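Quick one: this structure, given as structure tokens, is what I'll be asking you about.
Labels run A, B, C and D following the written order; every chain starts at residue 1.
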Amino acid sequence: MCSTKATPKFKQLKQSYGFDDVAIVPGDVTINPDQVDTEFQIGKFTFAIPFMASAMDSVVDVNMVIHLHKLGGLGVLNLDGVQARYANPDEILEKIAKASDADVTALLQQVYREPIKDNLVGDRVKAIKKAGAICAISLTPANTKRLAPIVQEAGGDILVVQSTVTSARHISKSYRGLIFSELCKQMKMPIVVGNCVSYTACLELMHTGIAGVLVGVGPGAACTSREVLGVGVPQITATIDCAAARDTYYKETKKYIPIITDGGLRKGGDICKAFAAGTDAVMIGSPIAQTKEAPGRGYHWGMSHPHPALPRGTRVKVGTNTTLEKVLFGPTSVVHGTENFVGALRTAMGFCGAANIKEMHNADMVIAPALSTEGKFYQMTQKV
Amino acid sequence: MCSTKATPKFKQLKQSYGFDDVAIVPGDVTINPDQVDTEFQIGKFTFAIPFMASAMDSVVDVNMVIHLHKLGGLGVLNLDGVQARYANPDEILEKIAKASDADVTALLQQVYREPIKDNLVGDRVKAIKKAGAICAISLTPANTKRLAPIVQEAGGDILVVQSTVTSARHISKSYRGLIFSELCKQMKMPIVVGNCVSYTACLELMHTGIAGVLVGVGPGAACTSREVLGVGVPQITATIDCAAARDTYYKETKKYIPIITDGGLRKGGDICKAFAAGTDAVMIGSPIAQTKEAPGRGYHWGMSHPHPALPRGTRVKVGTNTTLEKVLFGPTSVVHGTENFVGALRTAMGFCGAANIKEMHNADMVIAPALSTEGKFYQMTQKV
Amino acid sequence: MCSTKATPKFKQLKQSYGFDDVAIVPGDVTINPDQVDTEFQIGKFTFAIPFMASAMDSVVDVNMVIHLHKLGGLGVLNLDGVQARYANPDEILEKIAKASDADVTALLQQVYREPIKDNLVGDRVKAIKKAGAICAISLTPANTKRLAPIVQEAGGDILVVQSTVTSARHISKSYRGLIFSELCKQMKMPIVVGNCVSYTACLELMHTGIAGVLVGVGPGAACTSREVLGVGVPQITATIDCAAARDTYYKETKKYIPIITDGGLRKGGDICKAFAAGTDAVMIGSPIAQTKEAPGRGYHWGMSHPHPALPRGTRVKVGTNTTLEKVLFGPTSVVHGTENFVGALRTAMGFCGAANIKEMHNADMVIAPALSTEGKFYQMTQKV
Amino acid sequence: MCSTKATPKFKQLKQSYGFDDVAIVPGDVTINPDQVDTEFQIGKFTFAIPFMASAMDSVVDVNMVIHLHKLGGLGVLNLDGVQARYANPDEILEKIAKASDADVTALLQQVYREPIKDNLVGDRVKAIKKAGAICAISLTPANTKRLAPIVQEAGGDILVVQSTVTSARHISKSYRGLIFSELCKQMKMPIVVGNCVSYTACLELMHTGIAGVLVGVGPGAACTSREVLGVGVPQITATIDCAAARDTYYKETKKYIPIITDGGLRKGGDICKAFAAGTDAVMIGSPIAQTKEAPGRGYHWGMSHPHPALPRGTRVKVGTNTTLEKVLFGPTSVVHGTENFVGALRTAMGFCGAANIKEMHNADMVIAPALSTEGKFYQMTQKV
């Protein structure tokens, strides 16, 4: 027998929630959907709709940036992928679309071994600026020191530094890592950083002087980080925590740094819930990958997929049966919420009496069981 | 590194429950089912059974109102749909029933573009009154000012003003919205308003002078509001919250305003749980859409389905293998609770020792895992 | 706007648990399985194994009672069913086994319309006593006054009065109901009553002088009470609550009245958990219905199934690929826990260091997610 | 009516969590994956990677021990199985692999009836030592007194005494059981004991002088203990509780006894979570059973499976489409986390800013809903 007098210390776990776990409660006041304001700002740039397209090769190319600009949103061009590695990316994208499921991971690993070309980085920025669109470019932390000046010089407007997980403090013995506070001073462009999911990590990032934070680790449809690494926080909880960091930072500094929920948003309901949880904008991938205009040609994959030794994510066949305009504004005959996202957001804001995005942050939410069981009932009882 | 001295404020979420999440605990006293009283009142009208039929085109037409009146319940006629738009609604209903799944949403969007005719509104009311039935008419908030006087003049007994979400305060810059307190003074008919799901929204509505509140946003079988908009509260929680508002209002004013759980009720068990959660009556749609007498001809759809730009809900094939009388009173050989709702309610009240609906509100309930897993066992272990 | 000063009173719901929601934690001490004592007592009768067979027509006939007696357990003969209605019940059971799924509910409704014959009640009791077995007979509350004296006179040992839900106080205006305290005085046999699921209902029943309580409403495999009526409490919570009532009653009176978890037990794991939750014995139906010796001939149905107006439950095809001895004692090559229940109980008691059933009541349990997801993994990743 | 004055005592249940119920939260600091240290120690032995292979006949034979040694991990040879019962175990393993699903449980029951031969025990140890590998041998408690000296004499390095459930105190009237404190004094080899799942059981075991504790009851892919016996604790909770015991023991004695999470680990994500929960190493079975090198020849089964009277577990077909090196170090084109476990662990440690395993114990975790629902979305909405 042993003495057990020491008080044991057990690790404590906090409950977290994803889109399917919550629902928005209608407000005590309602408002006409056509009278709500959905504006969103990054630095000095204002967007009519708080929608960004993910910096993924299957989602955004130069044409998509231009198209989305005209519709009031912001497409972020990934310059860590095929657009910066190949003079003719369409040829490569065609090849990926035609690969079989069995071959595609190996093909992607090979495609992304091709080095990034500095001149292509400048060319892509100029093509966007020439069309008159706001130009947001995504780089990885490892490439930022080298490529950010090229982006700025070519006329880039917003820099997005994006990694699977980002922190203000990165430890490395072999090289001097990217220091965001230094980068913010060196660059004139507002810098958006991500992804992060926790209160303290988000708050630390904001203190480096950045202009926006992408929220979300592990939730995307093309992402299997939680299976492979066990890492990830469901998006409602991640958004609530980072929104709290933004509000704390605002209280301390009077600077309002927007957060952008990024990943896992598939339906209008998900998007409305992200805003009720506190986000300022959403970054969507797979819904745009499904449009005719998307560079993925009906396929969608993530940037962790081609990792040479530890691939995460899958290439998902998503089809091309819709258009960017329908996805954002409808009209639609699709009843499951995969089209008319802006209409859905306006309607939900109306139900919550929210005149603008900041008021939508105050909407009540409940933890609610998923709807799936109700649907099953019909399969069981249908008599015909 | 940043200072993190400010106390972070995280959004708080309350747990909520639907029918499948709870179960009724039998009482310490039991009572004979044939000795319980199931009466229900709206204003001066008393109903032998606390069952209302949903104001949906697939559920209620003039004949259904008359049929249900004879059985002791109340059918609410929807005068925002085909009954008020077409002189011969049966022709249109036939067309909807024959449409393919692929075409039906577009067809519904077209069918509901036809304007509402004032003369048809009066005609439907008169047809019901001529048959000697209590006449309850449902209108949307947008049409109420124009059509409510026509309903009253034609002899309507009860007015139901129904929208996806209803609040006592609606904000609109472009027009002067419907003010329930004014409407209640103008009309002689008792006014039932819905739908709402929260304590404060329900309490505010009661203070406008209305005669009943419909409870439920997002739960119906033909409704996809939660997928499209993220909005909705599971019915047990919605009913508990609105029942608390009714009891608060009664304490303050000594007026007892009934609440009616509306949507998502598919089986006898759901109905019994709604009463244990505190409702005074239930409004059912899909179980009645399944009867031979239903105007839907074996199909069921919701009023948000035909929305021109943001359709929500699906047309569900429900068949016509039962009758209204069987659904309400049996006898039945169906063992899954889709028939003999009144018998089920009486039996459950007996198990809880509840002599009337108000006593049934005091029945204990537990949060209980769904039954599905137990059923699966047989599929796995069946050896024959 | 309304005043909302009154404190709202929301209905509170307690969490409840079923077999699949919990798991037993091994103890700090272990014991050899062959050294545990599984004895169980009702009144003066002692049983080597704490297993009773359900009073259901598909589970127990006279032969099953005798067979189970030899193995150390107790079969309860249902004298509200075919055994008391037909001189030759096997003929009827054969007919039920041969009926199609579509016809069986109507057939059962007809079969159970045949009246109960007093002489058959006596005959069945005598047949059991002639074979030297302990004779436990189950009656419904409605028939108890008339038939209990016949059972006692014919030599019955234990009387089980069983209904879907049983309380010590039953309200009826039309007739004077069964009063358990009076019945206990009139009869010499110990009386077991059920079913009940809550602390206060169980405690009240014990105060009437009864000798045992059956625990469980709604959980059985052949039962759909929760779907039809919404009534039912998962068995782990029901057992924990009634065990607390038993312990309270013991503290107050020094009389130990056993409780028997009845229904929903399908695997060895369920049975072990019931004992860890506090039961003194288990009553099993479907596992015995699956034996070659069962009167159900490979089919299983509940006593609520033939209700003339509100049938609940289904006839389940369970097969006859095992024997009573294998189910109770093995040996077995079945790996999913559907055979060798006594071996499983002894092993689990060994893991918990429980030398007898009362020590097993002290075993720790955790709320644990079901195992199903782990099994799914192989279907997904199997490469061959 | 009864008096209910005594305060009822209800059994309390603690919530528990498995791998699928939690997720790791990225840290506020990140670190380069190639700069983390994954070392692990048992007694004086240090291993480059904290991976042990399960002492199961389908996972480890002499060759696997040698192979795994070269890669930096530790294979534990089961000397309660075919390796100690048959001079030519490959012949038997071949037979098991060729048996049909219907016959395999009976075959296994027969195969494991063959007695253990003392000379084979010594031979296996010598074969491992001859190859220069660290030799860890697993015995059951019943065989330990007889076989442990043979293992030690033949040159064994580490002794693993393993049972389904292990406690420091075992009660038996028929024989004097194994006393770990005595065994630890008699043997020079460090002794690893398991399996256990609770704080007090683990702490008591540590006080006997052992060198490591295996954590896990009931979670393995080839294990059905929870179905058959109801016994088992999900691995995250078991690991958290035993880690707390290890920390308490360290505080009391300044001796650091490692714990090893054993069972249920299928993907990289599971492994990373086990370390975040507090484990010092993991013992994996089915992922290694899937390699070309595994003795199971594409099949996997547990040691409780062949129990003569109460078999638990199933033989699972796992295939042989990978290699030990790929499972541990990649590179891989498999995207679901079943290969490159060390790479996954290093990456997750990088995300959490953990420079070594002990720092990884401090990583935050959240309770998170499983990912499955997100995957289902595509099946539903795919339009092509």
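What we mean here is this: a residue touches a chain if its C-beta (ideal position, glycine included) is under 8 Å from a C-beta of that chain, and two chains touch if they have at least 3 such contacts.
As the structure is a computational prediction, the values presented were derived from the model and not from experiment.
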Self-check item: Count of contact steps on the shortest path from chain A to chain C
Solution: 2
Quiz prompt | Classification of the chain A:chain D interface as same or different, half of numbers criterion | solution = different
Quiz prompt | Fitting chain A to chain B on CA atoms, where both chains share a sequence, rotation angle to nearest 5 degrees | solution = 90
Self-check item: Inter-chain centre distance, chain B versus chain C - centres from mean C-alpha coordinates, in Å
Solution: 38
Self-check item: Inter-centroid spacing, chain D versus chain B (mean Cα positions, whole Å)
Solution: 54
Quiz prompt | For chain B, residues that touch 2 or more chains besides their own | solution = 17, 169, 200, 204, 267, 336
Exercise. Chain pairs that touch, all of them, please.
Key: A-B, A-D, B-C, C-D
Self-check item: Of all residues in chain C, those that touch chain D in their complex
Solution: 17, 19, 22-32, 34-35, 169, 199-200, 203-204, 206-207, 240-241, 243-245, 247-248, 251-252, 267-273, 276-278, 330-337, 340, 343-344, 347-348, 351-353, 355, 364-369, 371, 373-374, 377-378, 380-384
Exercise. Note which residues of chain D are touching chain C in the complex, please.
Key: 1-4, 6, 8-11, 13-18, 20-21, 105-106, 109, 164-174, 196-198, 200-201, 204, 217-219, 221, 224, 226-234, 237, 264, 266-267, 290, 298, 305, 308-314, 316-322, 336, 338, 370, 372
